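Look for chain A in each of the two complexes below; its partner is chain B in the first and chain C in the second.
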Partner chain A sequence: MSALEKFQRLGTTRSGPRRKRDNKAAYLFLLPWFAGLTVITAGPVVASFVLGFTDYNLIQAPEFNGLENVNRMLSDERLHRALGVTFLYVFVSVPLQLAAALGLAMLLDRGLRGLAFYRSAFYLPSLLGSSVAIAVLWRQIFGAEGLLNQVLDVVGITGRGWISDPDTALSTLIVLNVWTFGAPMVIFLAGLRQIPAMYYEAAAVDGANRWTQFRRITLPLLSPIIFFNLVLQIIHAFQSFTQAFVVSGGTGGPSDSTLFYTLYLYQRGFNNFDMGYASALAWLLLLIIAAFTAVNFWAAKRWVFYDD
Partner chain B sequence: MHAGTTRRSVLSLAVGTAAAAALAACGDSGGDASDEISTDPVTLRFTWWGSDARHKRTQQVIDLFTKAHPNVTVKGEFKEWNGYWDSLATTVAANDAPDIIQMDELYLSSYAERGALLDLGTATKHLSTADFDAGALETGKVGGKQYAIPTGLAAYAIVANTDLLAEYKIALPDDSTWTWDDLKNLGAQVSRASGGKVHGIQSWGFDTGGVNIWARQAGATLYGDNGDVAIPPAVLAGFWQYLLDLAKQGIAPPPSVTVERAGAALDQSGSATNTAAFGTWWNTQLPSVAEASGQNLKLLRLPGEKAAAPAAYYKPSMFWSVSARSKHPAEAALLVNFLANTAEAGDILLTDRGVPANTKVRAAITPKLTAGDQAAAEYLAALKVGPPPRVTPKGASGIEAILKRHSEAVLFERQTPRQAAAAFIKELQAEIDAA
Partner chain C sequence: MTDLQERAVPVSTAGDPRPPRVRVPAPLRSIVKHTGLSLLALIMLYPVIWMVVSSLRPNNEIFRSPGIVLDSLQVANYSDGWNALAAPFGHYLLNSAIVVLACIIGNLVSCSMAAYAFARLDFTGKKLFFATMLGTIMLPIHVIIVPQYILFSQLGWVNTFLPLIVPKLLATDAFFVFLMVQFIRGLPRELDEAARIDGAGHPRIFLRVILPLMLPALATTTIFTFIWTWNDFFSQLIYLTDPEMYTVPVALRSFVDSTVATSWGSMFAMSVVSLLPVFLAFLIGQRYLIKGIATTGIK
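Showing the complex of A and B:
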């Protein structure tokens, strides 16, 4: 008898009232989760959708204004700038981050001593990466009188205020995101472990060099993991908020060079009494992320290789 | 993962507030500002922004008040400036606004015109305004109603470091006649004499004081009486051209230093670190800047002032206001009365919220002031001022963010002063139109 059958039996042999009581207990235990889902997640999602079609200044009751918010998006220059900044951030930082994660994972996969320590050490930044403390630290490192410039000074290079200069401010945030490669790295590491060593041995016998092995064996067999990381990190990067908020003091400055989408959304809603429009912006972000994820899945058919 | 949580919490806040707004429409305020003071237990919530020193002083005043009114409990909620406005907007939206709200000129219309503040004209039974200067009281009115009581007054000034000037053998200018060119020349002398160690002038362009005065000196105003943006583009372009010249000629620090300092705390400014000989400040900031600097600082009037038509003005440093939905408006008004009208409160608060706008309190505390506070008060008293500018219109509360952004664009030469002026006016007007 399989475990499943046993389990089903258990159900049928129970007496009626006892079963009812069990069900009640189950629902009771589910209640916190269910309350959380409806009150904290689903309710607000629905309400923000409705608010997206209103003019709502937080103080007075919202007023429906049809598609006015969508209209505004078309001519909102700061929104377009925010989209530009966010796309640039996603397209530059995600590939760099994944490359760093894969590179490190391959180094660690060669079975060096103290692996557990290195793995934790490299993983740590992704736990801390979007925290306020790290963003504050970033300010200290990349400030005009920050650590980086002090180091550069020793070598005789005059640095600049990396965070306060619109030409470099976004780059410091990209570096911050790349630095949090730990989470995808751990997943890559697990993926690499799944690739049977015999493939490499066979390839080596056939005279394939390391690069060919990487291209012909590692990449195809790892492609589902790369795909998974790519989807996850793109979604994650689109939603980045804390880093830009802390580093720019909530302004997205200097001169809007770090105006992430979510930061602009926040400014509209909470600084400009413009919560209706901010709600519409939140839904636009959802659509953008959904579109990117859909494209990702569609493209995946062409390059992701499943070994089954 | 935190970023995801943040977006979600923004969403959930959005919705919570929607539900609350719906509730607010049918909620009742529970009391009338002209009611008798209750003898039952009453809890008031009182919110303000500021420094640690202000928190301590305010708490002392609260303690005095509750000693005299033992049935009243006052819960203080204090924050720093930026978080303050985010949190006020959400608590008001959630129909959970504190009873007594420290208010700023930038936000007064945005809250008052949307019905979030109590008309204090209905609270005269408990809240007297008899000892206030009429001009000062006027600044707390929106649409003819007294929504806010000014705590104190401030005026824009140049803070000059006289120790630095003496070190480089530069004579202190006569601030009754000096021009903007004089300031530029003096600044250039300092930058030259110090070899770049000290800059002549700490750049500004991040607060409304500088741009207001620049407009008024040109015979214009930032806002027209109707609440639209009225500053001519050419005047505004001139303002930014001046700042750009300062930076390019090495009179002010390089743009990235300026931008970094503008976003940092007061004690990291050029004036406070003795790395700029001249800087613009509100006169009431003098004691804090002087304490951080440790050198001799002097308040000077701004260049370019004409005795016949002074552009300088008294800015209400901040206000007391009461939530329109307070359950205990009478008791809230009584606390505001205590804060604004009594010498006991004045003795503790001194000039922390500006030189008191209540003339009796001002007279009572003047002998007790420190040298720095006295210098600030004397500057204010001696200053020749014009009529105050129009209160910041509803929707324009974000002006300083817009100003900062365009100042940055000009300093980094991403926009010419002319382009920045046109873009600034367009954007600010759009905010006002949308509100």
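Showing the complex of A and C:
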């Protein structure tokens, strides 16, 4: 069964012979959700598509300008910069974060004493990571006089202003994302627990070492969960905003080196009130995320293994 | 120490052409593992510990050494930070508390209603609506923020808490709908059937049978809504521009921008204050948090 079918199957109930439908009750229960879908989520998705073809500054009425916004995107160098920064961030930080999550989950598995303590210690950063306070802290850790440089000083290395240097500013945000590996780790832990211990016992009897066991048992049986984490964390990473905003003081600097896509969108939309162009940017983001998710699902057929 | 590690390595990561096995006695391996894990936990939490310690240090000592030993206690950082902005920091804490509380109530009511319909009722278009609901989980807020902002500003809701609260009353946090659907599906249907035979309608079954049984899912929703709303920066930054209406994240950010680069102590102090509720929620609700992400897996 493909991952896509698996996702779709979530929506069906196993109702063998047709049962009486309770449309009236169901629509009443769903009334708030329908309202939300129309006004807050799906409606605005359609509206931003339309606005994407206009010039709109919130004061004068929106004015259709055809493909002007698309043309602008093609020649907008800051947009290209933002795309580069965001892709680099997603492609580097998500694999590192998931590798850390999987590695730690493997270490914490199966009856380790103090498991609850370690799990909490590793999980806590994921809860704090998206806050302004942690972003403020990051500025002080990686500043020229910051904590990191003091530690490096102790071991005799001269540091630099990690955040003020365009070459390293993005890496500090990547470190921040890797630091929040606790959430996927907890999901991996739950997945590892589902693998029957007898598989490992049987493999050990057959003389398979730990590495072979990992490759032949753990990885295939865990692949649906790796896939799940990968899809979610990629979607999540594309939307990162707070850290870059606070660390760069809202500019995306130095020299646009931390200009996340969402930060650029915010600047166009809410600093310049360039709402038409911001809408077009929003739709491009939606298409990029959708494309990545689709590629993920397509590739999943080749490496994700479903037991049933 | 290094000796132990070298001996432990072949056992855990032996390559395919099998080297001769070195059996490290179990207690030693356990000590190495616990030492490594504790060290890593310390490194992970060190920045936060350092922040708490720095919030209690005089400004000129914060960046003097990377250690976390306190020589003196500078409690004044907290009172300085508390009064550094236009309003005392308690004002922003209260604003955040109002928003968070309303969002929790909104999510509990609206998401559980939608979840009941998806999990228990049979209706025309269910498959399509359910797929749509799943789709909105993945929908980035940035894609809808512009039209949403236009709508809310035309309603005159900018610089009120309504743009933050109303969406939650309308079950737009689809993640929680999904979480509750999964939970309700795990409840035995016989309970509903029994209530139905006794003459109960759907509102009654929902209120009297399902809701009391889904308390764990409601607890998970409460804690996640609390933490995510408390930390949420993007929408609060956009909708709250009047300092009077600032919530904690927006206030903290304005603090950072306004402070001359020397009052780090009070800045850290207010950062600690802003993280304290999240930390408490984590301590109290850990069980539900872990269960919540383990069964549905987000964040």
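Simple rule for what comes next: the second predicted complex is superposed on the first by the 269 of 308 C-alpha atoms of A that agree within 3 Å, B and C clash if a C-alpha of one lies under 4 Å from a C-alpha of the other, contacts with A are read in each partner's own complex, and residues count from 1 in each chain.
One rule holds for everything that comes next: a residue touches a chain if its C-beta (ideal position, glycine included) is under 8 Å from a C-beta of that chain, and two chains touch if they have at least 3 such contacts.
This structure is a prediction, so every number in the text was calculated from the model and none was measured.
Contacts of A:269 after superposition: both chain B and chain C are touched. In the overlay built on the shared chain, the residue A:150 is in contact with chain C alone; chain B does not reach it.
In the superposition on chain A, A:26 contacts chain C only, with no contact to chain B. Legend: residue contacts after superposition of the two complexes on their common chain; A:105 is shown touching neither chain B nor chain C.
Touch criterion met: A:236 reaches chain B and chain C at once. Look at A:59: by the touch rule set out above, it reaches chain B but stays clear of chain C. By the document's definition of touching, of the two partners only chain C reaches A:118; chain B does not.
Legend: residue contacts after superposition of the two complexes on their common chain; A:131 is shown touching both chain B and chain C.
Once the two complexes are overlaid on the shared chain, A:285 sits against chain B and chain C alike.
Put chain B and chain C next to each other and count what each touches on chain A; the higher total goes to C. Touched by chain B in one complex and by chain C in the other are residues 40-41, 43-45, 47-48, 51, 58, 130-131, 236, 239, 241-242, 249, 262, 265-266, 269-270, 275, 278-279, 282, 285 of chain A.
Residue ranges on chain C touching chain A, taken from their complex, read 11-16, 18, 33-34, 37, 40-41, 44-45, 47-48, 50-51, 54, 63-66, 109-110, 113-114, 116-118, 121-124, 126-127, 129-134, 136, 138-151, 153, 166-167, 169-172, 177, 201-203, 206, 227, 230-231, 233-234, 237-238, 248-249, 252-253, 256-257, 264, 267-268, 271-272, 274-275, 278-279, 282, 286, 289-290, 293-295, 297-299. The part of chain B that touches chain A in the complex is made up of residues 1-4, 6-8, 10-19, 21-22, 24-25, 82, 85-86, 89-90, 92-93, 110-111, 114-116, 254-257, 259-260, 263, 395, 397-398, 401, 404-405, 408-409, 412, 414, 431, 434-435.
Of all residues in chain A, those touching chain B in their complex are 40-41, 43-48, 50-51, 56-62, 130-131, 143-144, 160-161, 163-167, 236, 239-242, 248-251, 253-256, 262, 265-267, 269-275, 278-279, 282, 285. Listing the residues of chain A that touch chain C in their complex gives 7-8, 10-13, 15, 19-23, 25-27, 29-33, 35-37, 39-45, 47-48, 51, 58, 104, 107-108, 112-114, 117-128, 130-134, 136-141, 145-147, 150-151, 153-154, 179, 183, 186-187, 189-190, 209-212, 225, 228-229, 232, 235-236, 238-239, 241-242, 245-246, 249, 262, 265-266, 269-270, 275, 278-279, 282-283, 285-286, 289, 293.
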